[in-house]
Amino acid sequence: MASLDITGVDKRYGGVQALKGASLSVAEGEVHGLLGPNGSGKSTLNKVMAGAVRPDAATIRLDGQDLRIHGPQDAHHHRIESVYQQLSLIPHLTVAENLVLGTEAARAGWLTPKAQLVEVDAMLERLSPVLGGGIGPRTRVGSLNPGTKQLLEFAKVVLRRPRFLVLDEATASLHRDQVALLFAMVRELTAEGVGVVFVSHRMEEVLDLCDRATIIRNGLNVATVDVKDTDEQELVRLMVGDLARAAGRGERPAPSRDGQPVLSVRGLQAEGLADVSLDVHPGEIVGLGGLQGQGQSELLTGIFGASPAQAERIEVAGDPVEFRNPRSAIAAGLALVPGDRASEGLYSVRSIQENISTVTLGRRARAGLVIDARAEKEAATSQVDALRIKIGALADAVSTLSGGNAQKVVVAKWLLSEPRIVLLDDPTKGVDVGAKAEIYAIIRDLTAQGVGVILNSSDDVELAELADRVLVLYEGRIVQELEGTDVTHDNLVAAALRISDDDTKES
Amino acid sequence: MTAMQSPAAPTAARWRAIVTDPIFIAAAVAVAIVLVGQLVSPGFGAYSQVVGMVRVASFLGIMAIGQTIVILSGGDGIDLSVGKTATLGAIVAARIMDGSDSRLLLGILVPVLVGAVIGLVNGLGIAYLRIPPFVMTLGMTGVVAGIALAYTGGAAAGRSAPALTGLVNNRGLFDVPGVVYVWIVLIVAVTWLLRRSVAGWNIYAVGSNRVAANLSGVPVRRNVIMAYVASSVFACLGGILLLGYTESVFLNLADSYTLPTVAAVIIGGTLASGGVGGYLGTAIGALVLTFLTSLLSTMNMPESWRTITSGVVLLVLLGMYGRQRKLRT
Amino acid sequence: MKKSHALGLAAVAASAALISACSAPATSGSPAASSGGDGPFTIGVSNAFVASEYRTQMIDAIEQTFDEYKAEGVVDKLVMENADADVNGQIQQIRNLINQGVDAIIVDPNSATALSAVFDEAISQGITVIAIDQAVDSPDVLNVGISQQDLGAASAEWFASAVGDGASIVTVEGAAGNPATDARWAGAEPVFAEHNIEVLTHGDGGWDQATGQTVATDLLATYPNVDGIWTYDGMAQGVLRAVEAADKTDSVTVGGEARVGFLRMWTDLVDSGSDFASVGVINPPGTGATALHFAINLLQGKELDQSKVTDGHSIILPLDTPVTNDNLADTWAGVSDQADTYVLDSILSADEVAQYFQ
Amino acid sequence: MTTPPQTTVGAIRDGSWQRYLTFSLSTWVTIGLLIVVTALNVALQPTFFTTYSLTSNFATFAPLVFAAVAQAVVVIGGGLDLSIGSIVALASVVALTVMDGEPSRVAIGVLAAIVTGVIAGAINGFIVGVIRLQPLIATFATNSVFAGAALVVLPKPGGMVPSTMTTGYRSLVIGIPVSVLIVVLAIVLYWLLSRTRLMRHIRAVGGDRSAAFASLVPVVRVQMASYIVAGAFAGLAALAILANTGSGDPFVGSSMALDSIAAVVLGGIALAGGRGSGIGAVAGAIILAMVSTVLSFMGVPTTWRQLASGVIIVAAIALSVVMSRKDQR
């Protein structure tokens, strides 16, 4: 039986070893789940197969023959097609143009779109029940919503008639009925002998669709299992390892919620958010749960004044405030560790020192203008020591750091501002286990000092470990609140998938 | 820049960092040009000639201060209006000074204010209307040229103050004209300000990542606007010094300086995408360009080959350290 | 200046003659200017380089002369196409003038050859075309101006006698590929050859005194023993400044220019007791106004005296007496209140121009 | 795009009718500007529609029109070409030298101009695509190289273009001026180009390089090709200039690079790449050329004309940029 085997994949990004001899084997006609926690290397492995990433070492075999994949076109040549986690649609092109991009039919360079348009129309017809109205082949892609884009990305790849198909988080933004259609189409493909690699954070999707599953962790293979012979608990155990077991509630006493909230938000409206209200008390960690992309990040940036949002009322320790921009929020004692560290949190080409200093630079400067080199160095050094950030020199560019240490730099710059409220957007994404624990310790330290924390996390284990309360968001609304001992991994998963209502579990 | 910031620990890696540093490469090229020049046409490397060339480089160097700041501030920052702005600055200065030392100060202040207004318009268009800097400053070039023409009626009048002419043309301490000392002071001051002032660090912050800067409470728009204001102000200052060099002004005095300022910044190792670099590199870049021009003109090479050579040299330098990221990582 | 004063009177006389002489109605679109017309005429001017004080002075003189004609009713409208443009843009300028129905076009051409086709378009619509400052090849266009070659020769003659036979010199010239640069060198080269003067290198001063100054500084450093730097208008002031900075005004002869900024430095040097000597050959911007006189005469149907026409379509104006140390003081007294960029000028009077006609 | 404005709630959520309106905005700005300048031209110049006037106006537009299309291709592909002007100069002097005034060699001359443009474009494409230098500074450097090369080929203006070219350019074909047909040819060529796979890929690369790379678009090759196509159009611009001027000039086209960029922006093409059409650039070029004509016919004093045109162009560019950004939302 034909199969695609990829073995011995090594890949290092700067200081981070993303993959250490990982492997994956997909047979014709099977759906093969690829599972692992965030930052375990799933996407990198997929991109190696797709030709988008140059591995340090890898052996790829198709039907027992060695393959060389130097770019996406080589993969396409062997009919290995991928849906990347990061969509690759071109915003200014139309739906039809995007669906055939790179595979346009042409005679001597001139487009001959007719035959292809028939296929495109057929595909859109197939998708139409779940695609939303008003979307035709000539619609421009840029303004479409994420779910629609993701479906189109899937459609684009299917139109290329793959033999092997990699779906990396291809369902992340999809609604239930869209997922159902995608699954139906995947099953048709496997029936025709296509091998599929399927990556998803939703366990029930994996259990529903996959025949086998390979679990990787920290760039290493953990296991390959037959999905029929396993269950969700087992998969989760394999994915998170002992960490899930070890994760306790910490030593922290539950904070009092009697006094005045340090942050109070009423009726916050923004794009992707509808009428959100919440309170954070001193020393409290309020988690934001639910599937990712349900408005959690928008809620944090909206409060912080970093994205357009209107609130009926925001109060910091009882004082009404209005944040037009992050600067006013910072002045009121807020801090935001943004979700995308590289693009929102760090000046990657600048030094560690400057990254740590940036928020509070003016406070230490003489007359607010001239930098006191010694004060800067002391401040940065104190943070580096306190947070145990592993660095070469303060003058090194922050891009030389590993994910965990880079994230600690983001945290460090905020600690210097001595915030009263810290907004954390997925602070441990792509951070290794050790650094994760250290970041947890930092967060607990903050609460011990009476800081209020809002923590959004894509990692339910993390929420379970840290949060005093979790607000579960769905489509921009708070749909459920879990509190105290109810904040468990199982409950969070259940709430996120909104299966609690049907299952009549405790809430 | 790293080589400059860290204490010199003579390890192999440290040396490699220094040798691959654009500033080092540019400086080496500058020295090489002088040495080659001395071999090809003896006298080129003489003290007075080198001082003379440094003096000429100072005009380009001072106009490139603002260009450095603008490019550092990122967002595809570039100021294509520096040449025309410098010309206008010189025209206004000449008209005000009109050959009299008593109006020297006014003759410097007014053009600098005019420059600030031009820079403000550039900055507002770029920061608020979000017009791409390339287009905005290109458009402003036409406007500034129009202002110069309307202001002069087509014939620039006036003359530099003798003190200004003396500063540029008379040799002072160590036979070095005053303008070179002015430039040295500016090199130290600008480099220091970029590295040691809140405003300087904020420029780097804005240039390396505007989203992160905004989320860290750095006022992005204000910094961008200030960068363009600085650019026009330094352009005018450069124009005024050029006026000192020529004593009288003419309508296209500094027009040709625009693209060389950009080239000096890039040769000096400042990233075209912003956030990395500094003024010391630009100053050396200005020296490289000026030395090269001088060498080519003394070598009796025809204009055509001189143009080709300077293009090729720029390409080679860029190829050494100005390359962009690969798609497949 | 003196000649301008004469002009007013001349204009009065000319227009008086005109009013009495012209009675035949002009047919519009008459194929040749020689058929005569009664005006008032519309005059078009095309100048494609405004960032130059020389050109501004030229335009000003044309406007002034035009106003005098206008007061007499000879002309009614002056259409100015005056903006920076390349050859293609200047073609557009001339077409704009054609489309505005001008009777004559005075053009300072960007190219000797590239405007030929558009000149033909103008001439075929009965428009008189006169080129100034730079001669063009079109046989139907009247060139009016001094000979750049003569200017080069005159400057070189003085220079050769100043540095002496067998001297070594360098030059700082205008832009490479520029016709005036080439013409001046064509005039100077045989003179230098005749005097056995060795030209060590040609510097490119780009018609720009800042560049001229820089190039001269470079050349002085690498050729420290030169006897002189031959240069001319546009760059001489910069070159002199470089020589001054090198403290060589006594040993290095500098070709000069007839521009106020240079004359000021020259006068200062002479006043300070230096025996610095130079020459300023005049390239008058007033040629534009002179050309306007020619245009009016042609529009009025007068025929050129062919004996005064060179190669069938060029009027070579005589060079004015160059400025030398002999007449420096007098010349300086007359222009010392002008801006540094002012170029010594001369405009032929209407009477003088009438001499060129039958 | 044909969705009528009155539409269902579902369609509003999907943004189709809004997109219809906003999609048109930048196009409407271009069309509106074109109408305004044309109307002003017609009003001020009653002879505008005469054969001579049309011939002459379009004869002057044509070179910039081709240069603008060339620039448009590069800009849509996410690049920038500051060397367009000197490619035009180089191609024109090569073609002139090859033709040597012989009417029988016109075909070879046409080929020579295009091949020269293609070679120059390939050099640009190689440097930007393969060596990965930043387009702005890389093409600034190659601009020097090509300009110098043009001077080597033809050291000073002169030479004769075969008379068949110059007269043909001014003649009529079935009552339509050839120069008008040539501008139409530019539109047709772009329209044909827009139907090639290459142009589709150029738009994709300009829209999002890494997404295009992931979508099987051979990004480096496409980038190179965009400069090559631009070079070919620059070759055509060179031919139009030769036909218009009848003679050679190594300095021709010096303002064309920046003018073509202004034309591209006026034509609603975002400098960020991926969006717009070469046909917009044609309109932009015509608008740019007509603004100066309008000002001259309005009798604006010459000393104020440059200022007026500068302000008008900045305003038009700002309008165009702001509107084309609204398209993005």
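Points to keep in mind about this one:
Letters A, B, C and D name the chains as they come in the text, with residue numbers starting at 1 for each one.
Criterion: a contact is a pair of C-beta atoms (placed from the backbone, for glycine too) under 8 Å apart; a residue touches a chain by one contact, two chains touch by 3 or more.
From a predicted model like this one, the values you see are computed outputs, not experimental measurements.
Path length between chain A and chain C in the chain contact graph, taken as the least number of steps between touching chains: 2. Graph distance from chain C to chain D, where chains that touch are one step apart, equals 1.
A centroid comparison over C-alpha atoms places A as the chain most distant from chain B. Look at where the CA atoms of chain A average out and do the same for chain B: the two points lie 43 Å apart.
In terms of their C-alpha centroids, the spacing between chain B and chain D amounts to 31 Å. Here the spacing of chain B and chain C, counted between their Cα centres, is 36 Å.
Multi-chain contact residues, meaning those touching two or more other chains, occur in chain B at positions 145, 149, 153-154, 302-304, 306, 328.
Along chain A, residues 52, 71 each make contact with two or more other chains.
Those residues of chain D in touch with two or more other chains are numbered 151, 155, 210, 213, 302, 305-306, 309. Which chains touch which is summed up as A-B, A-D, B-C, B-D, C-D.
Listing the residues of chain D that touch chain A in their complex gives 1, 3, 7-8, 10-11, 13-16, 18-19, 23, 195-198, 200-201, 203-204, 207-208, 210-218, 274-275, 328-329.
Chain C meets chain B in the complex at residues 50-53, 55-57, 59-60, 84, 175-177, 201-204, 208-210, 213-215, 217-219, 221-224, 237-238, 241, 244-246, 261, 339-342.
Of all residues in chain A, only 13, 51-54, 70-71, 304, 306, 325-327, 330-331, 336, 338, 343-351, 354, 357-359, 361-362, 365, 368-371, 373, 393, 395-397, 413 touch chain B in the complex they form. Across the interface of their complex, chain D is touched by residues 78, 80, 125, 129-132, 134-136, 138-147, 149-150, 153-154, 259, 262-263, 266, 272-273, 302-312, 314-315, 318-319, 322-328 of chain B.
Looking at the complex, you find that chain B touches chain A at residues 2, 5-6, 195-202, 204-205, 208-209, 211-219, 271, 275-276, 328-329.
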